[in-house]
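Each of the next two complexes has chain A plus one more chain, namely chain B in the first and chain C in the second.
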Partner chain A sequence: MLSAILRRGRNQSTDTPDDSYYTAGQLALIKTRFLTKTSGLIAGTLLASLILMGFFSPFFSPVNPTINGADPDYRRGAPQWLHFADENGFSMRPFVYSYRKDKPKLDLRAMLKNGGGLAALDKLTASGALSSSAQNRFIEDRNQRRYLQFFVQGWAYPLLQIDSLGIDLRWDRHLFGVEQGQVHLMGTDEDGKDVFSRTLQAVWVTVSIAIVALTVKLFTSLLVGGVSGYFGGKIDTILMSITEAVRVIPPIPIYLACAVALSQADLSPVQRYFSIAVVIGALDFTALARRLRTHILVERKQEYVLAAQLSGSSHMRVIWQHLVPSFTSYIIVDTLINFPYVILAETSLSFLGLGLTEPVNSLGVLLQKAQDPDIQQNMIWQFFPVLVFVVLIMAFVFVGDALRDAADPYSERNK
Partner chain B sequence: MMQTEPKPNLLEIRNLQLDFRTDEGLVRAVDNLNMSIQPGEVMGLVGESGSGKSVTAKTIMRLNPGNALIQPGSQLWLNHNGQRTDVLGLRGRDLRQVRGGAVSMIFQEPMASFAPAIPLGEQIVETIQIHLGHDRATARRIGIELFERVGIPLPEQRFDQYVFELSGGMRQRAMIAMALSTQPKLLIADEPTTALDVTIQAQVLELMLELREQLGMAMLFITHDLGVISKIADNMTVMKRGEVVESGPADSVLYSPRHSYTRRLLDALPQMESLPEAPAQTPAPLIEVKDLSISYPIAGGAKQGELSHAVRNVSLALPEGQIIGLVGESGSGKTSLGKALLGASPISSGTVQYLGEGGYTLGAKQKAKRQQIARVAQLVFQDPYSSLNPRMTVRDIIAEPLEALKLTRNRKETDARVMDIARLCQLDISHLRRFPHAFSGGQRQRISIARALVCKPRLLIADESVAALDVSIQAEILALLRQLKAELGLTILFISHDLSVIANLCDRVCVMKQGQLVEQGSVREIYLTPQQAYTRQLIGAIPLLDQARLKARESAAVPLSLMAGHHQQAGTCAVSN
Partner chain C sequence: MTDFLAETWLLWLLLSTGVALYWAARSRVWFRYVYRRYLMALVTLLTVSAIVFSLMEVLPGDCAEKYIAYKNTQGMVITQADIDAERSRMGLDKSLPERWGRWVTNLTLKGDLGFSCAKRQSVNLALGDRFWLSFGFCLAGLLFAYLIAVPFGILSAWTLNKPWRDHNPQHSAARRRLNTLGLSLAKISDLLLRVISYLGLALPNFLLALSIILLYVFAGEATPTGLYSEAWKNEPWFAASGFQWGKLDDFIGHIWLPVFVIGWAATALQLQTVRALVVDEANKLYVDAARARGVDGFRLWARYPVRHAISPLFNSVGFDFQRVFNDLPIVAVVIGLTDAAALLIEALAMTNDQELAAAILFLVALVVIIMNFITDIVLAAVDPRVRSSVMGSGGH
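After this line comes the complex of A and B, so read on.
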């Protein structure tokens, strides 16, 4: 295959000497190969936009996702769809309808007239007229449009906040909003918090936890795997037996123990969860450490390493010039492929109620709600975070896959 | 081969065109190939790596990988048992006709071609049962007979052994037995002797010729070695980059080649009549080896400290400014000896003494500093692919010894040194920014040589440095080494199993066998009047063209201008490769 590229390159370079392929370094080669994979590209764009939207969630959210932004007048509200046209005419600017709460009239007097008693009360409660969803019915007022506005002024949020330096930049512009009241693209939950805004924030919380966990994991595995692989012998045997020992400990009980231990400490929910992330990362190093060790063992035997040694290079030089670059691409790929698993660990812990809990926004917390029969029956729009979660995981998997194929540009060097 | 109305061809290939689907689009592997093989004929297929010869062979058995695309219009016919079969149209079970039925194949690497965890006999019995429909006992009897026939001693015992228990030559014989077990009409041999030592190669060739006479099979013999072809083939086809450049009766192609490419291949063969003269005087030695023994601890050995002896009591002096060849079969300890000169093998007794400036002494308990050795002695590796770090630019690779040894004061000086040496090794200066993946094997080996020479060592050890290269590129690298020796006054220890390469390059030759130095002397002494039985056997086994007929060709006088022309062409080819 390489010869094919060469042949083609040569044909082109007969009149225009294009040296870019030949002078392409590792990263450039990875990029070129990655750009040829359509699925990876699409997933990558999706992933990047999701994470960016998560990172700048205050800007992209029309409503404050915390309890401060909860809309007491629109609890359990259905998504407000964007419209361009209705029977009253067409509009270039999308709009939503305003709504008013439908006050169901409970005819208690009638109940009494029919004889009253406990049987009648039973009948009333069983009819569902008293349930919170029946109490929160909203009627669209199709004659009253709320037009969508861009870069609207809203709640203030910190752009950059470093307490120690006294920097506190705040801004109050948001990408979109409506003239009056609030817009709830994906509806609201039982407290009136905007589901769309919460989800955006949750994406970033979850991803940032994954980043912490993966950084810890990477550091541990590099240390254990690298030392083990490079020095070999007794050190290798000892380190690898420890790794194996850690590997057989079931993770969930450990997480449980950690959660309990941490609940004693006086930590905010997010701090608590970050500590759990550190534990997840520290216990999850085994697989990567073993793989790194194997990789270094193989790479050390390569002739170019011997060549470097025979050229008079010191150990440090061999490690930094030859061995470390040989597995950077590998680590990048491995980390990316592992991202979904860490997110899954977070969500499963939150789902079990061990990780973050309400009112913190994380995908796990939002997913936890999906088991509530009330939501399953009456507020199907609260499954929106599930959709985002699936898309996020799939995007990571596809990008990771495409990167894995592209990451080793030298895999066919012998062909 | 002057049959007027020939029998129907056993195999007919018409307009075979084959592409590979790759990420970079279609790559043409075989372009419009026509070939026919008659029953009982031995067809030699010659070409360098990537010329499409193995792909052609695999197409006959329909063993191509999934991304191979046979273009419409290609035809492949097999005339067998009075039937004319369209091989390209075979599907499913019918494929057995060409996979083992009428055609079978011998692969280059017998170790990799047998299942390692199943006894050899088991694999052969299964083949016979499937193709000939015999019961187990009969199949076993036939298998053992075959083992006997291909000259495996104690066939009944060998039949139940595993492939790793056999030596290289025996493995290839077992492979041949397996290929013959289905009584094929056409035997495809894909470089069957390339991985073998010369003496074993000669035995295997003899066996194949013998079998062909006895069984009357046709053979498609793929190789890059024209010497081998001259021993075995009736007709031959020369391929280059997927195209046939020359074909015809072997004799006429070998002794009156028309295409410059064929001529270049022929030039790579050693010519016994024109061996280089020994230098008039022997200069003082640069490095002296005294009673050197090298032993490695046996991995998984029963006892701690159990050693395997790679080299025993070798004494050797390398005269300064000469190219010394070190020849031996695989496992003779030549690489261990070469590395010992660089302090990279564990010396168990004896000494290596470097006598030049900045000298060092290595012994069982004497360790010289790696940096001290690196200044005066360097190694050029066998594999030009794995010995260059793919993540570094050519400039960085060549500059590595300078930077590691801190021989230059600043980057500018390093760059200047790198450019000087690159020019000397005929590398394009503008290519220094490139990465190794942009280069062909030959150019990579130049980079490797440049790296070895950049710190101006006095001694260069070339460990099978051209073994992985194609014949025509080998010639260029050898010419470069010769030129460098002349310009820089280098002393080169050239380690090789290939006697033709040694004959073309070296001033002196040392022959090793099982860790011991058997014989040494000038090239002429060793090749023309070998003293030891082992050397005689080794020299006698080199496949050579018939000298008398070669002379006839010489006297027919190839015009000098033409020769010059083709050398020039060789040069341009190398650059574009």
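After this line comes the complex of A and C, so read on.
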């Protein structure tokens, strides 16, 4: 994609399209037009790298993001910055400092001497000396460097795991890490789990929820819109009046109700994850279904549909093989544009504690922490997932915008 | 007689509107459309009530259990038989369609929205004017969004596919420089505004509200959470000295936060919509024709593409309202509001109060349907394109 941006600068004069332009399919045209949008390309590159990093998160993250990788010696630890130089000299290889825990000096004896009692204890508590952030102070040891290594050995993770086939490929290399101890680029949370690694893992969980939800949405919309548009008549009237009714009800309260019902059922984290995705996807069919119906209502009168019917195609075959493909590019663009909204729905649910919950790790789960006053005041680095989330959504929106422009068949004319 | 009327007033209102419209529809085409649209709205409302009412069944527990559980805390010993007796007293042992039928009948007869078990009072009382408060928030948020999105969406559409520099050889060098400056300014402001408004979309509402509250905390000032500050909370609006302007001032000092938060997120979406609509229209042939006749610049844009892009925008007000209300509950939780949206979250997630939740959702849907109805009939009266498309079959 970067090369496409660079190429743009050079050949702007070659604007006369040749034959391939006029014979190109809809998707090829969209792709060509998309490659001319700078903001869309930049956002697309960013998005692709984020999602790739999320997908291969075990490789890119230096620390195991689950509780197994939690660092009990570095709870509530601040981010360790990468350094290249300090007063002890310059190093081409980036390094972090090692740290030691600052033992808080609690003089309980002095408290007793001053009379002791509950009042003194209250005073001690009020002074903040007993709070967890006062108990977990770390001091950098600037004389002990930990050099960053690349392709280090770490915890083993499954590279490819298909249980039914008995395939279980494992690997234990990670892009970077340190030899002794662990490196926490974005600090740790209250259990010592690495924020950076958890964020990477959460990106993919969130995106995959969106993918499942959008697939479900695609199927429900195709079913409702396809059946309604193809058969018309009474079926159309009934389906469309239901769609119209679903359309006017605000969706998040409905998701909430379903999530509350799901939380009563005894589900494993994975089942819960899928049911949330299915709920979000299944209720979101209205807009696409209506669009599809209008399209099919027009198309079904065309001669190629009649030809297919006369050749003995079944209804399903006509809808799936002949009518829907004429609409593919619109469906793809619409699906991509809807990504941020689905992700936002998942996040809102998790934020209220009704979506995914702790052992499963999604951006919504991480964002939920932003509510905690303790984190707001003492562990500001736990806002890193917020930053990643904002970048992710912005990238999706800009790519969606560029795609919408690219999919517009008229956009070429006014150049 | 008055009792009978008081019990059934809503039904008469609905019926008489229908009859009046039917009578008017015999002679005027527009009224025929309004009448059809009115019937459709009623049907949609009925479907909505069925969907909402049956969806709320998924919430765990029912009224009898909750009521008995409450009694249980008072030290009474409760048996299953007690629960069953309570259930049949409340009519909860009937089937779902029967209970829905009763709910709808009460609603259409006298506007009774049912009974809230968690609050143990009728939903109408429990809601009070809180629904109007939420309604006001949403309208204010929408207004905010439109005020920003419409002008800048048009600007954004105008700058699309425009070059950064003016290369027109017919223009003098000075004119070209001036145009280049103007184009660059427009492009930059378009990009900036898109980034800012998309930030409103990308920062989920609750985070936005949280960050604003955090800013206040860091600045060491009182946070504008809730509806009033402590000092004005219990003051009446009208004291002996007349209208309390201080309370109004305090109220506005608090409600800007939810309005701003939900408005910002709505702006991004509106901006995208306006931009897409205007781009669509600007590429049509009638704009080229107008340009060929020598209409140019501001006059061309205002009279041709923009004017036509406004009516679909106006048509979507109802759904925009729904979208804004959709965001309100979570914002209400974060800011600590006490409006209908907060009540909805409470009813759904905490007290599992089926009828209250169903009633609030139904009211929101009602507002959306009414707005859609109004925008549809207004457009049919004003916009000749809509008129010919919706009434074409009506025999003109």
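The rule we apply is simple: the second predicted complex is superposed on the first by the 335 of 415 C-alpha atoms of A that agree within 3 Å, B and C clash if a C-alpha of one lies under 4 Å from a C-alpha of the other, contacts with A are read in each partner's own complex, and residues count from 1 in each chain.
In this section, a contact is a pair of C-beta atoms (placed from the backbone, for glycine too) under 8 Å apart; a residue touches a chain by one contact, two chains touch by 3 or more.
Every value quoted in this text rests on a predicted model; they were computed, and no experiment measured them.
After overlaying the two complexes on the shared chain, residue contacts for A:387 are found with neither chain B nor chain C. Look at A:162: by the touch rule set out above, it reaches neither chain B nor chain C. In the overlay built on the shared chain, the residue A:244 is in contact with chain C alone; chain B does not reach it. Within the superposed three-chain model, A:52 lies out of touch with both chain B and chain C [touch as defined at top]. After overlaying the two complexes on the shared chain, residue contacts for A:344 are found with chain C alone; chain B is out of touch.
In the superposition on chain A, contact is made by A:314 with chain B only, not with chain C. By the touch criterion stated above, A:112 is placed in contact with neither chain B nor chain C.
Within the superposed three-chain model, A:235 lies out of touch with both chain B and chain C [touch as defined at top]. Put simply, chain A uses residues 410, 413-414 to touch chain B in one complex and chain C in the other. Residues 43-44, 47-48, 51-52, 55-56, 58-60, 160-161, 191, 194-195, 198-199, 201-204, 206-207, 210, 214, 217, 268, 272, 276, 279-280, 282-283, 318-319, 322-323, 325-327, 329-330, 333-334, 344-345, 348-349, 352, 357, 360-361, 364-365, 368-369, 372 of chain C touch chain A in their complex. Note for the complex: chain B touches chain A at residues 20, 22-25, 27, 50, 342, 344, 370-371, 373-375, 378-379, 381, 383, 385-393, 400-401, 404-405, 430-431, 433-435, 437-438, 440, 448, 451, 455, 576. For chain A in complex with chain B, the residues that touch the partner chain are 1-8, 10, 19, 21-26, 29, 33, 36, 302-304, 306-314, 317, 321-322, 325-326, 409-410, 413-414.
Remark: chain A residues 39, 241-242, 244-254, 256-258, 260-261, 264, 340, 344, 347-348, 351-352, 354, 367, 370-371, 376, 386, 389-394, 397-398, 401, 404-405, 408, 410-411, 413-415 touch chain C in the complex.
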